[in-house]
Every structure is written in C-alpha cells, then in structure tokens.
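Here it is: the structure, laid out below.
Letters A, B, C and D mark the chains as written, and numbering starts fresh at 1 in each.
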Amino acid sequence: MSDNKKWDQYSEYLDLDKVLNAQNPLSDKAGDPAHDEMLFISFHQIYELWFKQILFELDDVQARFSNKNMDEREMQPVLLYLGRIIEILKNLDRMIDVLETMPPQSFIDFREHFGTATGFQSLQFRLIETRLGLLRKDRLKVFHQEFDKDLRNESKMEIKIAENNPSLFEQLDTWLGRTPFVDFGDYKFWEEYRNAVYKLFEEKTALARRNLSGEIFDKELAAIQRGKDKFDSIFDADKHAQASEDGQWRMSWKALQAALFITIYRKEPVLQAPHELLTKIMDIDELLARWRLRHALMTQRMMGLSMGSGGSSGFEYLMSTIGKHRIFTDIFALSTYLMPSRALPKLPESISKEMGYNYAVVS
Amino acid sequence: MSDNKKWDQYSEYLDLDKVLNAQNPLSDKAGDPAHDEMLFISFHQIYELWFKQILFELDDVQARFSNKNMDEREMQPVLLYLGRIIEILKNLDRMIDVLETMPPQSFIDFREHFGTATGFQSLQFRLIETRLGLLRKDRLKVFHQEFDKDLRNESKMEIKIAENNPSLFEQLDTWLGRTPFVDFGDYKFWEEYRNAVYKLFEEKTALARRNLSGEIFDKELAAIQRGKDKFDSIFDADKHAQASEDGQWRMSWKALQAALFITIYRKEPVLQAPHELLTKIMDIDELLARWRLRHALMTQRMMGLSMGSGGSSGFEYLMSTIGKHRIFTDIFALSTYLMPSRALPKLPESISKEMGYNYAVVS
Amino acid sequence: MSDNKKWDQYSEYLDLDKVLNAQNPLSDKAGDPAHDEMLFISFHQIYELWFKQILFELDDVQARFSNKNMDEREMQPVLLYLGRIIEILKNLDRMIDVLETMPPQSFIDFREHFGTATGFQSLQFRLIETRLGLLRKDRLKVFHQEFDKDLRNESKMEIKIAENNPSLFEQLDTWLGRTPFVDFGDYKFWEEYRNAVYKLFEEKTALARRNLSGEIFDKELAAIQRGKDKFDSIFDADKHAQASEDGQWRMSWKALQAALFITIYRKEPVLQAPHELLTKIMDIDELLARWRLRHALMTQRMMGLSMGSGGSSGFEYLMSTIGKHRIFTDIFALSTYLMPSRALPKLPESISKEMGYNYAVVS
Amino acid sequence: MSDNKKWDQYSEYLDLDKVLNAQNPLSDKAGDPAHDEMLFISFHQIYELWFKQILFELDDVQARFSNKNMDEREMQPVLLYLGRIIEILKNLDRMIDVLETMPPQSFIDFREHFGTATGFQSLQFRLIETRLGLLRKDRLKVFHQEFDKDLRNESKMEIKIAENNPSLFEQLDTWLGRTPFVDFGDYKFWEEYRNAVYKLFEEKTALARRNLSGEIFDKELAAIQRGKDKFDSIFDADKHAQASEDGQWRMSWKALQAALFITIYRKEPVLQAPHELLTKIMDIDELLARWRLRHALMTQRMMGLSMGSGGSSGFEYLMSTIGKHRIFTDIFALSTYLMPSRALPKLPESISKEMGYNYAVVS
C-alpha cells in the first residue's frame, strides 16, 4: 500500500506531526517575530520530554521499592534506571550550552509576549522533586506559595498524590532499615563499630600523650574530644533523636547504621548493588544541585536582577534552592563518620559467608 | 479568569498537551509492553526537535548568504547561529549516553514491533545533510536508493527543493570567491604567496646542499620535490582544474585562494569574522563525523551485525558514511598548504589599512 | 645516532622522565599503600598543569590589554586565548567525574598521611583569581587568613605582585571606558538611551491609563515606578556613585555605558569582537562558579561535614565562595537595563559608517 | 618549623617543582617563540599522566583476573577501576576541545622544531592497546614497523613483556569460560537456547505459511533461512571453529556461550556484576574508537593531508585504526544472536536458587 511507506512509518511511529507542529512563537503572533523564541520553545519542550522520561523511570523504580520483600533481582533494573536518570540529568545541564548562545537582548525581545509564564511553573519538575523526597515544608516559601494559588485543580491533585505517597527518600530509608546483616544473630555491627571508633580515639590520645606536650598537647586533646562528640550524634540514640528533631538528620537511626555498614563492607557480594545504589543516589543529588546553579546563572545572564517581586530576583531565589532544596545530604554526611580501613572491625567469617552466593557455599 | 492561570500559561505556551501525549509505544499496543521503548521514542523525538532547530538556524544563515551584497553586520548573527548549531550537534552526540543505558536485550524486546522503520528515514536529517552540501551523487547508494522509492511525494519534493537550492557549501564558495582583498589593485595575493613558497623551498634546498650529502641528501631533495609537486595542485590553474575533475577538490580555485588568505591574515579586522566562520564550518563537519561514529557504534551494540539486507549491516553502512559523507574536507585540506609565519609574505600597509575600521583612519 | 631515536624524541620533548616520575603516594611510604592515592595525586597535578596554562594565556591577554592603544588586530588572539581558558575551565569541571569514582572510604585511607595539605593551598589558583580581579578584601576571611600566615615568602611576593598589577577586571573597565562611539561628536549615546527608556515607560503608563482601572491600575503604576527607580542607579551619576559606594556596582560609570552600548549595537563591525569579549568574560565567570560548586559537592561527598576548624566545614566554605567570590557580576547585571529592540534608539548613519570597514566606505 | 609550611606541603606532596618545570618549548630555544607550543606540550603531558593512570588501574584489574579462583568480592574493585578508565577515556576525548582552539597556522609555526616526533610514539598508549588485547599481527603495518626499528631497547622490552602476558581480552575469555552455570548438572544452557531459537524460527515459518503467499512468502522464507544460517556460526562447533579461523570470531566458543548466558539472565544476583563487566568493556572499546576518530580529525585539521610518508597521510592512517584496531567487537557481535524475551528459555528454579545469596536460602 502506498500509504504504508517506510518514511511514513518512521514519522508516524514518532508522531512527528504532533511533535514538530507544536512550536508557536508568541512574537510571531504578535507580528513582532523574534528569531530566538523558537529555540526557547524547543528547548523547554525538550526539557519537559526529559522530565517525563525521568518520571517514567521513577515510576518503575518506586514500584519495585514499594514491594516489602523486594527480590535482589530487582536491583539490576533499579540501578539501570537510576543510571539512566543520571545521564538525563547530565544532559539537562549540558543543554544549557545551547540556550546560552542566546544573547540577553534577544531574550528581552520576546519575553514581554509570554507574560509571567516561567520555568518555575513546570509541574513535572515539581513532581520529580516531590517524588525524590523534597518536602513541601522545606521548600522556599517565596515563589511556591504564589504558584500554588495559581494551580489548576488537576495539577494540585497530582502534587497532592505525589506528596502523600512514599518518596524515594522514604522508600530508601525503609529499605535500608531492613538490611539483614546489621544485626544478625550474635553479631551487632553497631557495637563493633563503636568499639573500633573508641579504640582509635584511645590510640590517638595515647599517641598524643607520648609525643606531645604543653599547648600543642592541649590542642590535640581538644581536637580528639571534638571528634568524639561528633560521633555521639550517631552512637547515642537520644542524641541522634535530638539531632533529628533539630533537623540535622532526616534519615532514621537504623537506616543510617545500614548505610554505614554498606559503605564499609561494599565488597561483600550482597552489598555491592546496595553500595552502587547509595553512590547513584548521591550522583542524582549532586546533578540536581549543579543543574540548579546553571539555571540560576543562566537566569542572571538573561535577566540580570530583574523579575523581582518583593525585592528578591529570580536569580537569588534559584541560588538559595541549591543549598536548601537538596534531598539526600544525609548520605553525603555519612563520610564524616568513616575511619581508615586498618581500624575497621573485621567481618566475622560466618556472616561474610551468608553474604556470598549460595553455589559457592554448596560447591 | 480562573482559566488563565500561570501554570496553564506555561504549559499552553509550550503546547505540552501535544508534546507530552505523543509517546505511544507499539509494544504496549501489542500487549507485550517493553519498558525501554518509551526512552527510544522520546529520544528520537528529541532528536527531531533538535533537527528542526538546526534547519531553522540554517534557514536564517542561508537567507543572509543568499544576498549578494551581504553586509558585514550579518556576520554577527551568522556566527551566532552556526555556533548554536555546533552546540546542538554536541548535544546530539552526548544524548547517546542516555540511549546507551539500554541493554541490547531490551532493544530486541520491542524492535520487532516497529518493523522496518529506522533512523535512516529521518527526512529532517537528510535535509540537513543536503542543505549543508552533501550531494546525491556522493551518497552511499546501498541504503538511500531503497529509501527513495519509499518516499512520500511531499518528502521527495522537499528533498528536491533542497537539492536545487544553493547549499551552504556553494554559498560559502561563492562568498569566499568575492573576498575583495585577494586581488586588490596592484596587490596579487596569489603571486606573493607562490613566491614565498618557492623561496622557502629554495632555502631548504640550499640548506640541504650545505649540510647533507650522499643518500641522506638525495632523500631530502626528493622530499622537497614532493613538497613542490603538492603545491602545484593549488598554484597551477590547470592542475587545480584537473584535481577538481578527479574529485580531489570541490572548492573553486578562487574560493580556495581566499580561504588561505583569510587563514593567514586572520588578525586583520575585516578577516576576523571570516576566519571564525571557517573554523565553525570545520567544527560542524567534525561534529557530524563524530556523531556518525557514535550512531554506528550504538547500532553495533544494539544489533550486532544484524539488519543486513544484501549482506551489509547497518553498522557497516554507518561506518562508511563517516569518511564518505563529509562535506567541507577542502577546508581541512588547506592546512596542507601553510608555511611557518616567518616565511609568510607581509601584507602591504595600504591594504592592511583598508581592512581596518573607518574611524581609525579618519581619527 | 642510536641515542636519538624517535621514541626518545617524543618522550624527551615532553620531559616524560620528570612528569611521569613525580607521583609518590605517601601511603606507600608509610607502608600502608592505598590504591586510590595515585589517582588523587595525578588528578591534582593535572589540575596544576591546566592552572599553569590558564596563567600563561592570561599573561598574553593581559599584556595586550596593558597597551593603551591596543590595536584592533589584538582582539583576535585575545578572544582566542579567552576561548581557550573557557575550554580548560570546562575540562576542570568534567575531570571531577574521574575523581568521583573514588569511594569516600578510599579517601579516608590515605588522607591521614598528607596531614593538613589541601587544594585551598594552590598558589596558582589563587593567582588566577587575583589576576582575574578577585580582591583580597572580598575574599572570605576564614580560610585565607590562616593560609596567609603559612605562606612561603616567594609565594607571598607572587601574590602581592598580582594584587598590585591591574587585574583583567580593571583592564576591561579601562578599555571599555575608552570605547570611542559612546560619546562621538554630537552623538551622546547615554542621552539617547535614557530618552528611549523614559519614552517606553510613558507608553506603558499611557497604556495602563487607557486599559486598566482600580487596584490593578494602581499595581501596574507601582510596577512602572519601580522600573523607573531601578534605572536611576545607571542614569543618575550621583545615584550610581552612591550604589558603587554601597558595593552594588564595581564597574565604572563610563565602562557600564560602553558595555550597554556594545550589547545593544553588537552587529556593528567594530563592536562584534567587543561583544564576543563580554560574552566570553561571562562564560569564564559562570564556569568558575560551576567549578566551585562541583568542588564543594565533591568535598562534601568525600569528607562529609569534617575538616571544620572553628565549626565551619570545608564544604560550607566552598559553598559560600560560589556567590561571594564572583568577579564579573556587573556584566550579568547589565541585562537588567535592556529594552525590547523595537524601543531602542537607532544609531545615526554617520556613526554607523565610522564603525564599518574602511574599504567599504572608500569603494 | 618555617620550612614546613602548609603551602609547601601541598606543592611538595604534588612534586610541583618537577611537574611545573617540565614545559620547555623548542621554539623558545630556537629563538622563534610560538605561543601555542606551550599548550601543545602541556596537553600531551596531561595525556601521558592519564595514560599512566589507565595503566595503573589495568595493573590492578589484571592482577585480580590472573587469580584462577577470583573471589566474587573482587568484582567490586574491578568494576570500579574499569569505570574509572571509562571516565578517563571520556576526558581524553573532551580535552581535544582545548587543543582545537589552536589554529592550524599556529601549529605550523612550531612544528618544524620538533622534527618527526609524533603522538604515535607514545609508549604508554601502545602498552594500553597491547594490555587490552590488540595483537601485533592485527596492527596496521605502515606506521608501526617504522616505529619499531626506532625503539629504545627498554621500550622494546616493555612491549614484549606486555605482549607475552595475558591481555585483558584473554583473561576475560578465560574467566567467561569458567562461568559455572552454563553447564550445571543436568542443565545445559546451550541446548536450551538452541531449541528456543529453532522453535522461534519454526513459529515464524508457520506464521508465514498461514499468512503469506507467492513472491512475498518466498522472500520471507529466504530471510528465515538466512537467520538460521547466521546462528550456525555459534551453534555448530565446527562452523564456529571455521569462523574463528577465518577471523570472524576471536572469542572462544565457551566464552561466547557464557557471555550470552550473562546477557540474557543478567538479573540473577550472581550475574549482575558480570553483566556490568561486559557493558563496561564495550564502553571502553567504544571510547577508544571515538578517541581515535577525534585524533584523526584533529590531525586533518592541523596538517591537512601532509605528513605522508609513502603516500598515506597521518589522517588516513588514524582513520583506518578506528575500524581495524578494535579489540572487543565480539561482545558487540553477540547482539546478533539475541531473541525477544518472550521466546527465551526460562531458567530452572534450582539453578536460579544457586545463583542467589546464601542467606536468602538459609533463612
């Protein structure tokens, strides 16, 4: 059939009639065409296509985590799709190289036509943040309150649903809390670890006593004491609870212990994938922060200090989100509590065996 | 009006209803859903959006070049939009990092559903190649003949029109040929350059005579002779004509001279933008070649040696295009004919003055 | 001679004996070898090689700017070398992808061996910042004061010299201030621009009067007034002086006017290169900020909240530098004062002619 | 001690005195300084530092593979270090963006000073190729023969040693050949797979018989037959042996079966890391090919068609290496032999259990 030609197959498969006919610059309609508005539109459409893809991958990953008895086979697709989100986020960042070929003057030329519409209003991006675990209460007030009152009902509903479902942060916390080997028969990782930490501090103190004196000795001792105090917020249940209340920790105590366990014993077969998971989660968190900065700098370049409503500019708002809208900082914070390998407690052989493959034990 | 809310403004402006509802995996329809088909579709839609943007920028650039008396003011947007095409091409390459997160097994799972549709069938990409200057006669036969018979009539027409209009290669050739200073009053760049080249060879010969002897001397002399012969294809009108007929040069003799002139005297104000233009054209040519390789490697990874119709695989076809579908190799070839700066003929001051700004002379 | 073989030529030319024998992990010496220390060392050596290259390019660029009557031919190498610095800065950022393959636990394993040495102590990086224009008084106190007392005398001297010489910021300011056409015979750009801005505000007010009423009208009027006030800091000499004193502007009033002039009339031949210059300066400023964030995030990943001396962590210090150690924000701020092209004052033809090439007028 | 200051610690730790004093442009010595030679030198030194790092990581990876009973714990560092090599290779490619800021004329200006030294002469790069598995007999003759006679004795020795030791290709082949589950008790993967393939072809034939007729039917039948023939080179021991002899396969038959097994059942815990390993090996192979192309294009840009000795230019030589110097194409070729998931043989539960973790079975 002449209707069913190959070229048609390709463009029908991709629905190109829709996709390639959705760029309608307002400056054209206004009879004052601005060349660069086309790029501006395509660029943001591509952003939204990538956002949709991120949400699609999150759907799959979160569905797997929602299963209480998630099979270890699931770690393969989980890591694959998180890895894909990482590559997409890298691309969101690099794409800005294209947009920044637009001189600020060109932006001004079409900006007045689209009124107050801004990228802050991307529903999909807001869903991504929420699904990953950004809490409404932790969002900067200034812009979002204003947006909220302008929301369509369906959009409000979509956000509400995302807020009510467990976020990836919460799912990760729960999943970490279930790590079996942290407390396994007689083996108590947390006790072993605390003892090893204290031993290290004792050695340091002894070393100082032997080699130092006077003011330098006092200084070293104070440093060691600060080190010990630091560890209290993870070793002492009450202090951890207090630190959580103060907003220093969001991760549960059990999850935190498991995450350290995984970080330390990452070579054990059963922990290889979990360790990769923690690494990928940090990558995602970093990439979001980096993308926020690029977005902020681009805004500053295009609009300077404008757009302020109530004194704060879009640039300043975006800059604040870099630090304040991060989600998985607890995983980064874990590095505070590491020790040199030589001082780490050895894993009992029986435990290590359980963490290996079945066939290896049998054969 | 409650209908005209900000969030709506954003999504209406970007026509997101269309764009985000155009992903319809065939594996879903076939009742055999394959997770990764969604990525495959979005990915190619994003490709096509970028292709559209490249064509949009080419429209503008080519319209400016179509003006015989192109004002030098036009060089600013020309360089800007070519620079944008460069950034887009970089992005097309990097995007493949996302697609390559797809394991080959996942590709096989949905590939059977879309039959023979392939990326070779992108009309827009074919238009880009044609508009830049790839000639139908230089295309690899194997795949394109087959495609051609499957073309829609409108598509055939679009390609025909692109083929009939001057390509960027041709426009550049004509524009270079008009460079005023290559032959300006008494000043004949080509004579000056040829003399300088010959003088350099004479010096080399004299140096060899003074310092070398025996076999080494003969070898050096042969090398110098080869060097001279090489220059004949640009200094001798007949030999250049012959070389053109043999397919060694596509650029006209006048354009070639102007391009060398620009390369050498690139610091002169009036030549700064033309030199940047030649550089950007080479960047585009390189990026297309690099993208072809990535596309080929991705194809090999996903399909191995399959897809052969008549023995040649998609991978092999794509590999051949890297070398054979290049367009601006003549500009790269120019480097063959450069000399060390110390041996270059100095530009007469009167000429140099003409190439400066008006105010500088007046004031 | 058998001693002078090609392979030797290559490695002698690159002095590989020196370069490839300069990696001496301290953990090896301590008898406690940590695999990843090699990467850590190579990585920072590569950083320092790139830093040296940036300083080398800055030497050249700054020498050209130090010439009061810088010839316009110089713009070609200036833009070339700044473009190179941009590519190097992009690479400094991407290189971190390599270092981040190091798990935090691996870092802890060799960190104790190199004591208090940190990347903050890179003399070359400090010179780059200073040479670009970061002032000692604008540096965050906390870390640098401590470093300063630990400086070698030669290093103190090198920094002192860099501080006493004009920075690129100052050179750019002076150079912009000399732009001839801003005030050219009868033509006063600044008056023209102010008039056009006021006219636009009048039109907006008239439009509001015609179409709006009540509270909405009052709101619009207030917005227009805020817009006018904003422009005062650039139109009113006293207010600009005051704003400079308050630290809002670092750029001189004349430079600021010239930069706006260049931004607006960037298509004029004589302004094409200056416009490219402003763009590249913004690129450099952005890339430095982006690199600071990546550096901060990497530090947080590797060390969590550790390393605090006096309560502030390395991560927090690095995060503060992103906003506070920027140099060319004034150029970004210019976008605040742009108008749509349709409202811009047209350049008188006589002026435009002066800004073109000599030959074009003659012929 | 004033000698032991922090700034000194940093620069001593990195041996910066050596590293930053190893850039000695020959054009300076010749009294004809060429600005861009500094970049050329630093660039290649950085290349060599990265090459050293790649070899350092390969040392570790290959030492682990040399252990016949490699513990599965080792997969964690193996994947980590291969991932690091991938990031380094990405960086080698991107670095060329810096070098390509050098105009060809600048290269000519210092090129004559370093004679015939070229990057082909990098001993470390040659070692990398050899260690990965490029065989001397598969190298393009033209350049390497010439180099070989110019080798220092120590360098000849180093290459000889690398050639005599098992390459990563060979180690991978051996390791794959040991994969336990491919032939496990009663379970014979290869029979299961062959049966499933044949069944799929039968279904296709039946489907064709039912729905097609005439010429179209004949065509489909021929396509199915070609498909079957294709599989013979992996199902039939003799045909695989013949294909190996013909140079179509380099991988052993056992390794090939194991690689397919891993590709298909990649979700099984014990196969997750091996699947990641195959993916990373393909990434490395791709990145080397991409880097070769960039290197070739850069050479063409800088030197055009020059440098030919015996008619072939450096550019043409480098272009040929892209296809001919690849090492792990067999892994890419595997995709030729995949089937849709629905047609794959299910893994017996008892086997699957063996491939899981010990604790999961026990508890």
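Operating definition for what follows: a residue touches a chain if its C-beta (ideal position, glycine included) is under 8 Å from a C-beta of that chain, and two chains touch if they have at least 3 such contacts.
Keep in mind that this is a model prediction, so the values were computed, not measured.
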Inset, instruction - Look at all chain centres (mean of CA atoms) and spot the one farthest from the centre of chain B. - result: A
Inset, instruction - By the contact definition above, name the pair with the higher C-beta contact count: A-C or B-C. - result: A-C
Inset, instruction - List the centre-to-centre spacing of chain C and chain D in whole Å, with centres computed as mean CA coordinates. - result: 39
Legend entry - Whole-Å separation of chain centres (CA-atom averages), chain A against chain C: 29
Inset, instruction - Calculate how many whole Å lie between the centre of chain B and the centre of chain C, each centre taken as the average of the chain's C-alpha atoms. - result: 32
Legend entry - chain A: positions in contact with at least two other chains: 77, 103, 266, 275
Inset, instruction - Going by the contact rule at the top, pick out the chain B residues touching chain A in the complex. - result: 5-11, 13-16, 18-24, 26, 35, 38-39, 41-42, 44-46, 48-50, 52-53, 56, 60, 77, 80, 83-84, 87-88, 90-91, 94-95, 97-98, 101, 103, 114-119, 121-123, 147, 150-152, 155
Inset, instruction - Would you mind writing out the residues of chain D in touch with chain B in their complex? - result: 32, 100, 103-105, 107-109, 112, 263-264, 266, 275, 279, 282-283, 286, 289-290, 293-294, 297, 300-306, 319, 322-323, 329, 332-342
Legend entry - chain B to chain C touching residues, read off their complex: 72-77, 180-181, 266-270, 272-273, 275, 353-363
